[in-house]
Amino acid sequence: MSDATPPAESRLDRFDAYRARMNARILDEGSHLGIKRFFNLDSAAYRDGALDGKTKELLGLVASAVLRCNDCIDYHLEQCAEAGWSEAEVEDALNVALVVGGSIVIPHLRHAVETMDLIRERDGGWRDGEG
Amino acid sequence: MSDATPPAESRLDRFDAYRARMNARILDEGSHLGIKRFFNLDSAAYRDGALDGKTKELLGLVASAVLRCNDCIDYHLEQCAEAGWSEAEVEDALNVALVVGGSIVIPHLRHAVETMDLIRERDGGWRDGEG
Amino acid sequence: MSDATPPAESRLDRFDAYRARMNARILDEGSHLGIKRFFNLDSAAYRDGALDGKTKELLGLVASAVLRCNDCIDYHLEQCAEAGWSEAEVEDALNVALVVGGSIVIPHLRHAVETMDLIRERDGGWRDGEG
Amino acid sequence: MSDATPPAESRLDRFDAYRARMNARILDEGSHLGIKRFFNLDSAAYRDGALDGKTKELLGLVASAVLRCNDCIDYHLEQCAEAGWSEAEVEDALNVALVVGGSIVIPHLRHAVETMDLIRERDGGWRDGEG
Amino acid sequence: MSDATPPAESRLDRFDAYRARMNARILDEGSHLGIKRFFNLDSAAYRDGALDGKTKELLGLVASAVLRCNDCIDYHLEQCAEAGWSEAEVEDALNVALVVGGSIVIPHLRHAVETMDLIRERDGGWRDGEG
Amino acid sequence: MSDATPPAESRLDRFDAYRARMNARILDEGSHLGIKRFFNLDSAAYRDGALDGKTKELLGLVASAVLRCNDCIDYHLEQCAEAGWSEAEVEDALNVALVVGGSIVIPHLRHAVETMDLIRERDGGWRDGEG
């Protein structure tokens, strides 16, 4: 790739960079202790426990979708891809979110599908499973 | 059980009866076609697909918890018990809901834990798993 | 009515009485001026304007349903019956709320249908229209 | 208009194009059956029934406003203009949404008013009615 | 109190008892570690910090009101009375919640005003301040 | 500053300009009377009353954060800085919002922290207090 044009930065790349920068800003030395502890608790919730972390990422995705938070959807989609969920499985989870949350979820479904495309293009992502 | 006192009807029993009666009322012959089709779509969302139905019941539970709907929580808890999730697994899913949805979810967590107790007493329910 | 059994008080009657009593309590002489003004503004929003009041009651019902507030649904159903909407028209409006708001609205749809039955029994309510 | 500068593309034009492209992407051949059926159900909810489609577009607008979804607001505003609602009528509906939903709706009211201006400029839209 | 009628148990007393019982049930030995840690974090958020605990109870009340959670409202009203807020101050805070959250908050305002009455009757509560 | 580069316009400056322009548009002569009255009521809610205006700005901020409205957060952060709250105090209030509203608030916390930085850079803002 030495003499190739570098790939264009997508909105997902920009989100990742913004998220990393602001989280570091929020968690730096002088920050609010309660906020830091909340971030720790949040990370811990998705580690293997009675349920494995992979399952819990899918729970996080559906929670994000019904609460209609695009940034949260993007984050959990990246985690779901990394955890080994296939696109068909993620779509099946998003269908649950759509039925629970209604047509008001549709703009976030459009966003999610676009993000899934960006993950495939960038990371070669998504397991080629049948679910 | 001839000479035994029948078990007291719990709020979960009353909910089940109310839910069954009103759903029948909503879905009877003369009802709105769109509403009937929505109920069909809702049932279909939890059948085996790319994801198995068991996993999707857990998604439904977490969606219900973060959207803070006690009736939906009760319904999905009953489905989760029937699908074979253990109590520890369900608690781990509710922990994700609590972290995503915040302390405003706590009253619904209290409700959910009480419902889990009612399910255990009534149905002998919940698989004795480690998750 | 001297020798007749008085009709049983329904949950809708109790709601009406509670609502009237607490609103009087909230709006009494010494109360917060901003809260009183808000109540005035709220009443004014449903009076005839560019849209007639009847149409706006239906808007209020759908807003209440997607925001999942049973007390608000009951109030607007009573107003809709009084304004002359038929049951079929109200069901068609509730179908829009169900599709927009998703299955999380279903418990409130059950509540609404029960309230519509109570209104019919009590008030002889609901215009016999085709919509 | 052969030698004239084409009109600048507005954010509403971009939304329409994005919406059309992503909906096609979501509804293409290989997509999730449940999601496709949900989209059909969503379209059907706004067709003439007990209530006419025009009234139901206004219900969809108010539901979108109180649920605070800009994309949904834009879509329903376009539909309301096409269905023949006047600007005064739509503002009266948005006032109901504002009172029901509170000041948290104000940013979406700003968005809606801007969209109404864009519709007027682009489509010559909005019936010149008194309501 | 030997020959006096004990005071009737109010819905607030029942809530307090239920809340205490279920929280103990949730936090008992075998419970989910993440849930226990969340409860700790929740308690810590209302302790004196950059803001004093009294101010933060009022923040908790307004957050509970706009998110429309009656149990959370009851809990924070009890805490606000204990922290020394007057009724007039609490009403002024609830007015902010009403304006931000809209008429959908009104049923919760009725609930809150009733709870404030119950606190006054039971605890002699509420500082006699002018705010 | 005659020969200096003017400072770059930030997203906060653009928001302020957009907000002022659209509010003027909404409140102009021919606008909906109910909407104008709502805006008046909204302004009045933050004036000194039983609680001082400074405290009520903080209530408005927390309400905006748990309801997840970035525009509302930006507006109330500007008001909080002007009212004399320190950054540590505002962070302590945001921690309450985070615990009440859960991890779904985190994207809005990132936004809020970025806005606080923009306020400091632009206005020299924020009182240098310990809270």
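Points worth noting:
We just call them A, B, C, D, E and F in the order they show up, numbering each chain from 1.
Just so we're on the same page, a contact is a pair of C-beta atoms (placed from the backbone, for glycine too) under 8 Å apart; a residue touches a chain by one contact, two chains touch by 3 or more.
Predicted model only: the values in this text are computed from it and were never measured.
By the document's definition of touch, common neighbours of chain B and chain C comprise A, D, E, F. Ranked by distance of CA centroids from chain F, the top chain is B. Centroid analysis (C-alpha atoms only) places C farthest from chain A.
By residue number, over half of the touching pairs seen at B-C are also found at C-E, the match among A-C, C-E or B-D. Spacing of chain D relative to chain F, judged by their CA centroids, is 28 angstrom. Each of residues 34, 38, 41-42, 45, 49, 63-64, 66-67, 72, 88, 91-92, 95, 98-101, 103-104 in chain B touches at least two other chains. Residues of chain D touching chain C in their complex: 41-42, 45-46, 49-51, 55-56, 58-60, 62-64, 66-67, 72, 86, 88-89, 91-93, 95-97, 99-101, 130-131.
Contact residues of chain D toward chain F in the complex are 68, 88, 91-92, 94-95, 98-99, 103-104, 106-107, 109-110, 113-114, 117. By the touch rule above, chain B contacts chain C in their complex via residues 18-19, 22-23, 25-26, 31-32, 34-35, 38-39, 42, 63-64, 67, 69, 71-72.
Note for the complex: chain A touches chain E at residues 32, 34, 37-38, 41, 44-45, 49.
Those residues of chain D that touch chain E in the shared complex are 66, 98-105.
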